[in-house]
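Step one of this worksheet: look at the structure below.
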């Protein structure tokens, strides 16, 4: 089924069509489950003026943080930023626009973007700076604010395995924002550790159906650990 | 972990606390993946005046249809009703209130009910009888209507396997509305074909985490087929 | 001559493209799956939670847990995925399905569609139809051009309760392939041997007829 | 004497019940997991998508794909489940987590909480804190009763930007266990050896003191 084979030959091809000032939605939480090679390709391309939607912005020399030195990111929508000196400098200098969004609202905004839901109500953020300029409404005696969905020109996603049709399986907590990001891109690009043939993944165990995936590439990953915490094996 | 063992000893115990005039959300699509023994227990109990939220209402002698003869259902919220003579009679006679809800809106209303989202906007139903009395709003040049979420006093769910902690796995298209129903009940009762020990289900492959499940019981199932369509094996 | 049900399906199948994810309604739309052009593959979405619907099962394959949106027992193709109803309609309502084909009672010049309810008759419900017409960009409605009594189903304004408002752009009837734009029907093609006059006569809504109306070819 | 961090965690742990699903914030709340009463089990929810968080991994178990909300490497207990961020926050925002324990800069008599931002200092973001306080019915805030300079953190009205409005009912400080209702703080318990006077002095918001204020017991 040639029409459903999503595999592309290179990272260059994977990110073809990404242009200055586009919006990119990225999966990952901290440095866990981030599409590290797709981010590196954006750095290589030198695309500028990007709006990036991601829970975090990486660290100085890994993840989305590597797009900062050349000022490739104009605006970031995230729930938690920090662990990143250049980010701090640009934010304080007003060179980088930051839209802080509660983590659950961010996940739901991505899901809604992919699901044809332009807006929803949530109690999260009511009465806080997040609510500024947003509609407030009472349901069943409780106050909520209206949040609008997010879509991206591109979504960049890291999965564990995929079949050629783009059916995805994630591994452990590297799943995080990736499934929602995958639904919310006009062009959804996925990099994985292993590509298998259709039929090798059990239909009941697929986390993201291939319908959401436009391009697929197999990469090798550093998978850097942000907070290495271990116990001694005799504990 | 006694506190997380959701297994109950009998169907009577599984549905204990269900009272007249409560709202019950049921999983299933047609007769596929319906909690058939939990429905039978509601019939046995003779609970009346129920509001039932389910995509369909079974057939005359199976599924939710068996609650009709004794008039146990006061109101049904469903996307498609039919295949059921007694249902038709009661509806035409005004004995049964029917709230027709588009299938996708129904699924999303259940999910929203479980997810703390009191309302969302959808294009589905705009300009149709479904939109009557509902708020309409434009986003990005397109019209949408606001739909409110649904919660149940009870949710009744059919899964394939569960571990004792209530982690659920569904099988094939018997999944359908069950995962959303499971999140939307104040008391969520699940019947399954097999109960296994914690650890036997892979954490990455669990469809419904046990946090949503209050009671769990293993049953045996007729699994009636509504439209038996087969091809000859040489085709 | 008016197209047969199979010919309607064949003409719709010409609109398919390789790699399309397609949702086919009950009736004539289901037949489209039989006429996918050679060398082309499409994947069928069934809104109860299956992407990659296959043929009916053999007796040996029969499985009560494996049905389609019409509640018929089916199989899954190699590379299929299965998901819950919220995910299925996220797919549909989020515009991820490339083509939706479904039947109707009426359509009108403003792209309105009525397909689920005839007041006074038994009301069975809209199932997933309202979601499908609201969620898809690319919809083809298949129906007979007129009722048995000769009443047009292509109207200035639908008379029955709507399934969706302003969402239909293409209609394939037993007589013609019609596009809807700017508040008018536009005649694109006619069934082999059917005259423009016959189509005009049976089209109640305003119909734009170009100088040359090609016959469909199969 | 003021409670140590460990004692605060121990007192919070007394509020646990067998079978509770619990979300523990970073800092003192994390320590609560060390003091679960004997014969009782709780399951820890980590908002990045893990229900059933276990201890830190050994060197052999270390896995970059297995972290908690604080981005520390962790393990999963037997019977854990893993899910995406939308599902994780559906759980949190839908009120399915039985107890949430988190830190704060300030709380006030109306149950408002400020915990994520000090204007003029670096803004790191609210992460999941706004979702946690808005979604849970049962929240315990842990913090020191006053700043190092002796400024009360229990105020008539929060001065910092809010994390949540009207959502806090219980606060456990190093000096006292306090309930918030009807627009007032209510003193429930005091730390062993800490006088009511000391607590009153360091509580800026209106504090209702019953005749008898029991000491906490461990």
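Letters A, B, C and D mark the chains as written, and numbering starts fresh at 1 in each.
The rule is simple: contacts are C-beta pairs under 8 Å (C-beta built on N, C-alpha and C of every residue); 3 or more make two chains touch, one makes a residue touch a chain.
None of these values were measured; they are calculated from a predicted model.
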{"item": "Reference subunit A; chain at largest CA-centroid distance", "value": "C"}
{"item": "A-D or B-D - the one linked by more C-beta pairs in contact", "value": "A-D"}
{"item": "Between subunit D and subunit C, distance of the C-alpha-averaged centres to the nearest whole Å", "value": "55"}
{"item": "Interchain centroid distance [CA atoms averaged], subunit B/subunit D, Å", "value": "35"}
{"item": "Geometric centre distance via CA averages, subunit D-subunit A, whole Å", "value": "29"}
{"item": "Inter-chain centre distance, subunit A versus subunit B - centres from mean C-alpha coordinates, in Å", "value": "32"}
{"item": "Numbers and ranges of subunit B residues touching at least 2 other chains", "value": "108, 111, 115-117, 122-123, 170-172, 175, 203-204"}
{"item": "Set of subunit D residues in contact with two or more other chains", "value": "76, 82-83, 89, 92-93, 134-135"}
{"item": "Arrangement of touching chains [line / ring / star / complete / other]", "value": "other"}
{"item": "Touch relationships between chains, expressed as pairs", "value": "A-B, A-C, A-D, B-C, B-D"}
{"item": "Complex contacts: residues of subunit D adjacent to subunit B", "value": "17-21, 40-43, 45, 51-52, 76, 78-83, 87, 89-97, 134-135"}
{"item": "Subunit D - residues contacting subunit A, complex", "value": "46-50, 55-60, 62-68, 70-74, 76, 82-86, 88-89, 92-93, 112, 117, 122-131, 134-135, 161-166"}
{"item": "Residues of subunit B touching subunit C in the complex", "value": "29-33, 55, 78-82, 88, 91-92, 98, 100, 102-108, 110-111, 122-130, 143, 160, 170-180, 207, 223-233, 235"}
{"item": "Contacting residues of subunit B [partner subunit D, same complex]", "value": "1-4, 111, 113-117, 163-165, 167, 183, 198-199, 203-204, 206, 209-212"}
{"item": "Subunit A-facing residues of subunit B, complex", "value": "108, 112, 115-123, 137, 139-140, 142, 144, 148, 169-172, 175, 203-205"}
